[in-house]
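Two complexes are shown next, each including chain A; its partner changes from chain B in the first to chain C in the second.
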Partner chain A sequence: MPLFSKRKNNTDSKDKQNTDERNQEQQQEKERPVLISPSLAKNIAETKKEVGSSSDVIIREIKIGEQDHVHLAVIYISGLVDNNTIHESLIDPLVQDESIQNTHAIQQILEKTLPLGGVKAEKSWDKLFSELMLGNALIFADGHDEALICSTQGGEQRSIQEPSTQVSFRGPRQGFTESLQTNISMIRRYIKNPNLWVEKMKKGSVTNTDIALMYIQGICDEKVLKEVKQRLEKIDIDSILESGYIEQLIEDETFTTFPTMYHTERPDVVAGNLLEGRFAIIVDGTPFVLIAPALFVQFFQSVEDYYSRFDIATSIRILRVLVFFISLVAPAVYVAATTFHQEMIPTQLLVVIAAQREIVPFPAVVEALTMEVAFEILREAGVRLPRVVGSAVSIVGALVIGQAAVQAGIVSPAMVIIVALTAIASFATPAFAMAISARLIRFIFIIASAVMGFYGLILGIIMMFVHLCSLRSFGVPYMSPLAPFSSQGVKDALFRVPWWADEKRPESVSKEDKVRQGKDQRPEPAASRGMVNKDLEEGDQNGT
Partner chain B sequence: MEKARISIRQLFVMIIIFELGSSLLITPGSMAGRDAWIAVLLGCAIGLFLFYLYQGIYQCYPNSSPKEYMDDMLGTKLSWLFSFLYILYFAYIAARVLRDFGEMLLTFAYHDTPIIIVNALLMVVSIYAVRKGIEVLARAAELLFGAMYLLGAIGLVLIIVSGTIDPHNLKPVLANGISPVLHSVFTQTMYVPFGEVVLFVMIFPNLNDRKDVKKMGMIAMAISGLIVALTVAINISVLDVDLTLRSQFPLLSTIQTIKVEEFLDRLDVFFMLALIIGGFFKVSLYLYATVVGTSTLFKEKNPSQLAYPMGLGILILSITIATNFSEHLNEGLNVVPLYIHLPFQLLFPLFLFIVAVWKKKRREKSKGEEAKK
Partner chain C sequence: CWDKRELTDLAIISAIGIDRTNDSNYVLHLQIINPGNVAGGLQGGGAGDRPPVSVYSIEGNNITEALRKASMKVSRRLYFAHTNLVVINEKLAKEEGLDFVLDNLDRDTEFRTTATFVVAHKTKAENIVKILTPIDKIPSNKVNKTLDFTEAQYGRVVKINIQDVLKTLAANTMAPVIPGYMMIGDDKKGVSMENTQATDPKAILQADGLAVFDKAGYLKYWLEDDESVGAVWLMNKIQHTFINADWGKTKDAVSLQVTHQDTKLVPKMRNGRPYIHVKVSVEGIIDAVKYPFQLSDPKVLAAIEKALNKELEKEISHTVKKIKKNKIDFIGFGDTIYRKYPEQWEKMKDTWDKEYLPELPIDVKAETYIRRTGLRNNPIKHQFKDD
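Right, the complex of A and B next:
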């Protein structure tokens, strides 16, 4: 396979000296010429050889011009091209145009014949093939050592739909699709500003996946940009099938359960983050766009926080953090309290719990671990099962795991309540990546509190905090703006101040242009009768 | 570990957490009896003077580690000896703090657990934190300071609400005159907790801005002095002086008296957790000082590797320094302040401060304009 051998050559040449590199290139030339040849037959043969006569590569040979002197071949990949464009804007004009001369065929077609937006001439095979694979059509002409690339991209794509993750009550209803172009344009529609820059690159030596790095010039921190470009350049892998590949290849810290890059399906989230000075990485073929530098608090923010009023948003955010901690420590607290610190539980409640636990044959920790694992199994099964059988799982879960286990005396009802609470709590965290890390850490906490009660638990929590503080996302401390504390940053962290009070972009992320809005924007009380309040004379307010 | 930079705000928070760490646990100024809170306040005043000395030495040599400026002042041999003694001092105090917390946990929750297990677990977390470096430790302090502050505020409100505070227990003020108070100041409160701030000499070189060290450090000292004095006063007014002095851990005894509506009861376990946060930072900072000191003294290039052996050493030391809790307390009250704290917290630093200021003046005289930069 030429592609694989090319990759091998590339990696080899890195190891050797420059002189060797030239030899390598010559060797490559023997396999596939760098430039196309003037002979149409040779070019067609070369194409067939390269694509292995794949059935979806269409090679259409036509003869045009006066007395059919001009021999052309139109090559495209069916499915990747827009059929209408091929017929109406490519083949049809070519056949119609009789003025084309053999000697200047390519030049004439390029300049006159084709009613297409993007047509350009190209000589190198590499370039031609990569354009072909993108869904562009190639036109070869006999006797010319240049070919034309016509932009005919199209084909079937998923239309823009409501995102299935990160659902919000208020806000735009569109989510990203699998097409890179569509995704970029969706973000552009939010930020209509020439300073929104996009840098495209190809990654994956076999898949040749398009990746776009998007940022707002002048707001995004130059140092962070330099860092991310460096990390992206370092990527040398055969395939990029989803943005998760990129995330795992460029994130700061691998050995952590906490996500240090944010991913989203919503263009408005990306736009908001770009405006705060972050960058986005869009990968062709997936609706999930990566955003970094990501902060811990960011995973507890949801888009409608910014769309709804600040008091509501603040209370809901605090609720989310609370819920995150419940999902982390609830079973551990139960285990610690019932095993080590019974005196902490109010007497009446203690009597109830003790009565329940009397018939249970296991220690609390075994009970907790069994139930948590059972629930994880249920959840995983629920995700994988076909929707038709999905309801069966919930019946099995509710009846067998819940009621039957209690009646059989295997677990205590209190434990079922704890597990259910934890489960619901872990779904209330807006970012799945954060919720799943809480799911993992929860087990460590259960074991810690089974060993040393609350002391073990608090040591576990301290260790988690120290670990969180040691994380960085593209150089930005993960726990900022809480630690290191920034008075500007906390305006939009666990709380959210009203928009008019949030004058600057978050300090930890945006280093460049910091001012977000003008001062004194606080809305004044009604200026009724078309007059500004301060102009009203005394006593006027009481009049009718 | 070396390039770490911490902000003045982080230093501020660390000083408060450090000061409160174990002083909330024990009764500072117990010799002053009913007037312990006055002893704490006076001790705090002396503590401010001590802090002035420590930061004064640092201001004379802002860009060098303690070992480097002691080289300059005393010559390499004497400075090596001093550094070595200080490392031993930090390690010993770390072991003492660790022992304090271990005993507290055994007394309050884990009666049958061997103390080495309890201490080892705390040490493991400290080693983990110290390996991550001072920057991470400082950030964690900022984060956990909030948690401690919240718990402290809740505790105060609950004590007030449950109505156990009886201010009459504080009277009569200065019944036996000022002399027992002063005695307590010079044998207890000026060393623990206030003089212990000498540890921050090891942390000053990591500061990113040295301008406000004096101001913010002293404010932090004063705030923690006020908090400690308030806590001691509350303990005495809730428990009365006899019980406060007899109780090994009076704050937790005070918390035990909280009773709100038959529901909030026996909260001492909760506040034990808040105290552990303080204990963790105290042990970690001492461990950090030991590790950094050792690495500069023995020119070890990778300081974080030293956290394991040093931590293990301190852990073993914490078990072996006393055979039982009474012995530990006795050493803490009668031996350590005079023979260990006094030289390391007052005499050596005072000597160094005088030398540093004298050297600085001489440098300024000889170099004239250059020194002003």
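Right, the complex of A and C next:
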């Protein structure tokens, strides 16, 4: 139970859990004055009451000034602040400065003493506490009804590392961290343009999580922006621990296996999408940044497509779509063909499959479902286990399922091949969110084809496409640019044309400024040929 | 294709043989694949010593009855979608024609009309279906592949499927020609696995001749080896074959390996009577030479080409004579006339086979072109002579 409700409207405490604690909290809340008092002792007592004397809240009382008659209290949370800043830029200057007068202590410190970037005066307890929780230090002075907020945020953070998901051969090696500020700055480094706007807000009544909405003014569609701001405002939840919370609270359609928002760990992906007119939502505390509006084809694209040459990128994209369909229908096709449409299998192959099935005691569909479930168990076990034990799982899985089950005649080798192919295919889909939706739908397809053969499978596929076409991501049709078709959009959908040919941004997403680049960008080979010829004339090495 | 059926409930039939007993009952021979014994190498698969197919013979008044009766003998549902061979008894084809078989097979939803059709020549259909074959484990595959290969390489046989037969029966004058298949050796020994375990099988299946049917679907006569090659030329179905020509006193002095050919039947009218001009253009490589030709000399090559032309014209004319004599236009001379002279054809069509065909002037003109003489120019003998 890490979270407890601190919502103000949640006073009807029907559940008796933690009643004592909660009542105490609420009482404190009611008692807490809005503004701070001039008495330092009272303020310290108030702070202690509010944070419950938590041991990581450091309250340092110091006396400074000529005769040490200026009473100050510096309050900060250890771990959230940068210790060097506290010592060198806060306490040290305060202690050194002897000119501070008791009457104007706050004013003087604010204007003169502190060599810090952000210092401001504040009276309201609410503000002060929220700043304290962000890792800023507070300075109270006796006899003053104002306190100072000093920006001392820091503390331990994960450094920028190579992202563990969406690895690429070519491209930047940096991935997002858990820090919102770092993440925003990483994107800014890609797009050095004042039109890159960031709107910050706090969500989660208990966690007070910082959320940043990022977009390029002038490229991002105004209507989409208005819509997303509305949806974000509507969020009223106690906690946001990961961007997945936001995704589920603002997505267009809940009852679908297909993701309508894209998430990524790579700043270059975010930059690329912002430039296409999408917006990004960055949540403090997670390296996964949300991007929307997301399209179906987007989940088959990888950053590398844009960095490598177009022919390779195009063929790999087509492979990915093919692979997605394999992971979707391979077992279903096997079941349908072997139990309904044996006439579709070439005779020689049929004989081989029949020979394998000869001793298998189950119908093909049971075999398929068993193996698929077994594989899902294996994968789930392998994902969650520590790496040391993980290899044991794969050995047991490979031996028991791959080898022993076949030798025992429980499953046929052909089925093992199909399941293995499906598994590898599902790993080859670049977006995990899309791969996992294929995993779910696959089971529906297996059952459909076991009941009605290819007829059922085709029905299932048609229904899936109807569903896909009905989806929207922030008002943008999910299947665009394929349906509705856009000749500009398909230049970078399943194919990718060379950069010089992709003159405009995708129509379905960017509504405002559509032109991406100038015309006639195609490199002119004639010019370089002239260079070569000239070289030959001058040097005349290869001419003869 | 609607019902769910597990593979283990299917008896995959690879070939059907149709015979008739003396008391005019039909006997159906179903060649059923034993998948485990074919694929082998897997669990439960000591494939070497057990037969890859089992043949069940069922007697009945008609084919439908026989098939229904088969359920008493076969433990699984009979599955015809993979049947690729239908063998019909020679005697049955002569006496009853193809009608009853074709109707039954074409009507069936499962059975494919792409199955090859053969006539059991000089043997019962039973033997063609029952003999076990080495190399290709499933006998029906062996028959099919042999036909494919012979048609392509030797040119004495054509592979015909049921659809082709139905099509030719529907044409104006064309009649079905169906390849014959015979068994050589001991049918008793051929049915056991021993047959496949010897280097010299005791019984083998062999493609043999072409059975010519009339328009009503009755077998009329056989074209054997050398006669059949002329027929295949006329059908324009030669892919590769050879032509031997004599040179002076040397028999078969030169053999040409045919690589490309095109045979055209050109119908013409002369004094209101039709005649057919057969134009054969052949391209080939010299395969073997027995006579010391100076092959590097183009004039010699031209002379050889002439000799080959003559030989080929002789081969084809021989068949043409036989066609005229038997009054069955299985090549479709009448169809070519109908296509070019539909009005005149109206008068001829009723009495074509009886009246016009035996009298039809057909002149054959071959044009051979020697593309290469192989890796050698002059024959070895020639070299010796020079030295």
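Note that in this section the second predicted complex is superposed on the first by the 498 of 544 C-alpha atoms of A that agree within 3 Å, B and C clash if a C-alpha of one lies under 4 Å from a C-alpha of the other, contacts with A are read in each partner's own complex, and residues count from 1 in each chain.
We take it that contacts are C-beta pairs under 8 Å (C-beta built on N, C-alpha and C of every residue); 3 or more make two chains touch, one makes a residue touch a chain.
Small disclaimer: the values here were computed from a predicted structure and weren't measured.
In the overlay built on the shared chain, the residue A:Ala355 is in contact with chain C alone; chain B does not reach it. Of the two partner chains placed by superposition, chain B and chain C are both touched by A:Gly453. Once chain A of one complex is fitted onto chain A of the other, the partner contacts of A:His341 extend to both chain B and chain C. In the superposition on chain A, contact of A:Ala364 is made with chain C only, not with chain B. Once the two complexes are overlaid on the shared chain, A:Gly118 sits clear of chain B and of chain C alike.
Of the two partner chains placed by the overlay, only chain B lies in contact with A:Met463; chain C stays clear of it.
In the overlay built on the shared chain, the residue A:Gly409 is in contact with chain C alone; chain B does not reach it.
Residues 340-341, 343, 453 of chain A contact both chain B in one complex and chain C in the other.
Interface residues of chain A, counted against chain C in their complex, comprise 338-343, 347, 350-360, 363-364, 406-407, 409, 413, 450, 453.
Chain A makes touch with chain B in their complex at residues 340-341, 343-344, 346, 452-456, 458-459, 462-463, 465-470, 477, 479, 482-485. The residues of chain C lying in touch with chain A in their complex are 1-8, 10, 12, 14, 33, 35-36, 38-40, 42-45, 79, 81-82, 84, 110, 112, 138, 141. Across the interface of their complex, chain A is touched by residues 7, 9-10, 105, 109-110, 113, 117-118, 121-122, 124-125, 128-129, 132-133, 136-137, 139-144, 146, 262-263, 265-267, 269-270, 272-273, 276-277, 280 of chain B.
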